[in-house]
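First chain written, first letter: the chains are A, B, C and D, and each begins at residue 1.
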Amino acid sequence: MELNSNLLPRPLRGIIPPMVTPLMDRDTLDAAGVERLIEHILAGGVDGLFILGTTGEAPSLSYRLRYELIERVCARVKRRVPVLVGITDTSFVESVNIACKAKDAGAQAVVLAPPYYFPAGQAELLEYLKHLAPELPLPLFLYNMPYYTKLVFEPEMVQAAAEIAGVVGLKDSSGKMVYFHQLQSLLKDRPDFSLLIGQEELLAETILLGGHGGVSGGANLAPRLYVDLYNAACSKDLSAVESLRRKVMQISTSIYSVGKYESSYLKGLKCALSCMGICNDFMAEPFHRFRQAERKVIRRHLEELGIMEKR
Amino acid sequence: MELNSNLLPRPLRGIIPPMVTPLMDRDTLDAAGVERLIEHILAGGVDGLFILGTTGEAPSLSYRLRYELIERVCARVKRRVPVLVGITDTSFVESVNIACKAKDAGAQAVVLAPPYYFPAGQAELLEYLKHLAPELPLPLFLYNMPYYTKLVFEPEMVQAAAEIAGVVGLKDSSGKMVYFHQLQSLLKDRPDFSLLIGQEELLAETILLGGHGGVSGGANLAPRLYVDLYNAACSKDLSAVESLRRKVMQISTSIYSVGKYESSYLKGLKCALSCMGICNDFMAEPFHRFRQAERKVIRRHLEELGIMEKR
Amino acid sequence: MELNSNLLPRPLRGIIPPMVTPLMDRDTLDAAGVERLIEHILAGGVDGLFILGTTGEAPSLSYRLRYELIERVCARVKRRVPVLVGITDTSFVESVNIACKAKDAGAQAVVLAPPYYFPAGQAELLEYLKHLAPELPLPLFLYNMPYYTKLVFEPEMVQAAAEIAGVVGLKDSSGKMVYFHQLQSLLKDRPDFSLLIGQEELLAETILLGGHGGVSGGANLAPRLYVDLYNAACSKDLSAVESLRRKVMQISTSIYSVGKYESSYLKGLKCALSCMGICNDFMAEPFHRFRQAERKVIRRHLEELGIMEKR
Amino acid sequence: MELNSNLLPRPLRGIIPPMVTPLMDRDTLDAAGVERLIEHILAGGVDGLFILGTTGEAPSLSYRLRYELIERVCARVKRRVPVLVGITDTSFVESVNIACKAKDAGAQAVVLAPPYYFPAGQAELLEYLKHLAPELPLPLFLYNMPYYTKLVFEPEMVQAAAEIAGVVGLKDSSGKMVYFHQLQSLLKDRPDFSLLIGQEELLAETILLGGHGGVSGGANLAPRLYVDLYNAACSKDLSAVESLRRKVMQISTSIYSVGKYESSYLKGLKCALSCMGICNDFMAEPFHRFRQAERKVIRRHLEELGIMEKR
């Protein structure tokens, strides 16, 4: 574990974008798109890269493709920033398998949401983590994502899990800041334990009030914006925070809000990257890419946001 | 498809037990247990065998183990009854992969619940099925299981899906008989389309009111009981129905109700099979087997039910 | 309690329609409609009348109007059948108040779903009933309606509640027959405790398998149909059950399924009664009556069902 | 409306505590406790007083008692701060009735969550508000409280509702700051429309990022603490925010977290006020007050927090 994790600060801080997975079709990576996307993101000054999360459509991808992605990403990033790899799975054994691939490819950490078919109790979840962590060759971030997994990592459980060797942080995508603040209170004596926020709409307050970083989907599009907001919040520059946050909210209420789908965020993000010429917008089932009408709306939003030039 | 599916009646009728997966540990089959369990079930006169469903803990198992199970089961059953194989997965590609293994091993049909990480809309689900069915080498049963998958196959959607070539039936585990009766109304002109019920507590009324069969978990323990109840209901023998149904309810309120876990059904069923000497009761994470105190309660229930002799 | 409750059989059996509340506007009864509706329902041979339930829009009505309805109904029914009055409320004191009005007006029993703002635990619910029952001047039916109240009366809790003096039965509108069958098992030594089913789509199996009756909304429209189905099921005449049940399902999939509203059942029912000339179709906020286009569809359905003559 | 609403700033800003309702028993106010509690709260420098909300157990109280409370509170407050009165009800007519009482007693505004028995659609909710607002004699605050009401006031709907004459603000208790920030974006051209936060754990970020105030339950106990935090956040004094916020989180993780009840917040708050000698801790059904063991824990927490002196 040593060599890889040398790269991993404790706590991990800053912007760690959850990378979109560029696809040509349901089982073929857009390999050139992957490389362009990595360079686009890294050019923004981010502090890590998280692949195979929800934004990366991981549960919809075959294992073969996930393994290919891990290798391509690690090979391209070349240790410029830490790579975190999602290993969330309903099967304990498959989670370990992915983690081993990640280690071999040169990643720095893995990220796990609760197994999401059978709803386990909190005691069962803790036992799960106690069995799993020793089998993993990389440090582990927990991923609280109750909307998709149905299960919450309850605050007291996280406090107990933080005592397990190898468990180094948590990403919260519950959208409930009371939960996030409870974790901060319970873990106040663990300054090395990373507390990261999923929703980019909550990044400003997270950093202003002592959180460590953000796993901001919009940083696929505009990485510098999120890095700037993170830095402004770190240095308590409230007027810069206010103006940067306004842009972040604009992305949220435009790019992520086309149509009234649960999946508007994912579809909008991938469509925007395609409009920008960065990667293909094919989506794995059960979703499909935006059609022409919606694509025009996304393109107009990108122009209004100043991310693309007006034609 | 022809050879295998010759074995598959249209509609499929009767008792098709959802087989428990006997395990030695989290990634090792209890191979001898698998064989004993198959013979125990088939001796009860069942009309099919469904492996890798919820009762089979499929989502918790590695793909390697699932493939091994498919092969062992098909080899042992030797076409005495149709084998149905669960292919539910969050990844389209992996569902197809399992279906191909099932075909190669000699199974007769596959069973699919909706992909259960990203919540798709009904139109997306229908499109999913339209893309998937042509890729499958075996007939497909839909599996409505909203408690675990969060998604319902809505009645109108099932009506549309029943038009897709290869879609031959539906197993409903929603527990909502109004839904089941709506399907019966909507599909009344499709007498070849199987409508099967999951909950064994609802088997009597399902058959009395025109349903085709039951995927009854308790038939792992006492296959003859469920076959007898099915037959009594088919022949409208209401007094036999009443006394057999009472036994079915007793299993439900005893074996499946030890402790107050969501998982009491699964744990109780596997523990009972172990008490009966049929197979190991190891459970894949996130669950664990019953401990000694609970095992004693299960044993006492089995004695009271007359399934095991009193010591 | 004696005089009124002489009228109340133990257990109460048969069809007890949940009466629609005819309104002229949001705080005015359609008094003539109430009378016509009562006579229409009673002419069908029903075994009781339940007012101020969900179908009666009780939570949307002012207390003044509820009290007026209680008086008018009891005065019109004149003890021809037992009148049951809904007293569900978030306030204990107001539930008692309504029950006292019901007693004074000559009703025979009251019906209570759990208080539905604050979600109480099962122990709190049981305590609630232990405090409430002694304050009530009439026998009490529990009303399990988790969709609207968020709370379930769990089976073990019902078993305990059935020991409280004055608690005489339960109406289940959960739609979960497993729950209903569990209650039957747990209360098999209490033949005087009424178990009634809400959903009319489940009436046939309820009666065939030992339940006592149905609180069938469609009996506002076609009371004789539900009474006939109840009688056929009591006498185990399965072929009559089958043909009557088909008509019940037709009402469900036509009259209750216009538009895609949660409230289609209520709107369709009230609209149909208006088409039939029985009462006004005004609905209390937050709903509104069907408009002309939907009304035409309802009218066509009524003709196809043979409830109204074709024009 | 003019005279009363002169007292109501637009937008309303600051700390507006949701007052606990002191009770002697289920239908008797603790009248002396009401007066002590009002003086305790007002001494803390708050900007308003909100009665008959969730914290005030309004849905559990009889109308008679609610009316008595409105009169006593208005008489005691004597226009020192604006009084806001909860009128949430399942019945449109009863909401209007309470609003009229509030006007007559001298209150300045009313507060309404969606009717919470029948789940209305967003269009129905908007129509509800369009019908209701003209019937109300006082300005109206919306109250977003999906946990208890099951219904959200969706952002676009709030934007439309803000155009209705008399609708002057919204209190959000969803706990979802993304929602709150969306409202801020959508209403950025309506600086007179108050956006208030329910959860006190979110007060700091709300004010730092442009929200107007907080309806903080803890201000029943320690009003000055919340007023100080509000002021520190208004003046962007981040170090004061940090230390005050730590105390607010301590109240949340101690006083509100005794036992594992959904109702721990309410029980803890009322118990603490009783320990402090301010008012009785009787709770309306379906809840009951803390027993002796839990009361000792609350008392110890109050001492540790410095709210009470150590004995």
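Operating definition for what follows: a residue touches a chain if its C-beta (ideal position, glycine included) is under 8 Å from a C-beta of that chain, and two chains touch if they have at least 3 such contacts.
Please read these numbers as outputs of a predicted model, since none were measured by experiment.
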item: Third chains touching both chain C and chain A; value: B, D
item: Classification of the chain A:chain D interface as same or different, half of numbers criterion; value: same
item: Farthest chain (mean CA position) relative to chain C; value: A
item: Separation of chain B from chain D, taking each centre as the mean of its C-alpha atoms, in whole Å; value: 50
item: Chain centre separation in whole Å, for chain D relative to chain C (CA means); value: 36
item: Chains grouped in pairs wherever the two touch, ordered by label; value: A-B, A-D, B-C, C-D
item: Chain B residues within the chain A interface of the complex; value: 26-27, 54, 57, 59-65, 90-94, 97, 114-121, 124-125, 127-128, 131-132, 148, 150, 261-263, 284-288
item: Parts of chain C lying in touch with chain B, wherever the complex brings them together; value: 175-178, 181-182, 184-186, 199, 201-202, 204-205, 208-210, 236, 238, 242, 245, 249-250, 252-253
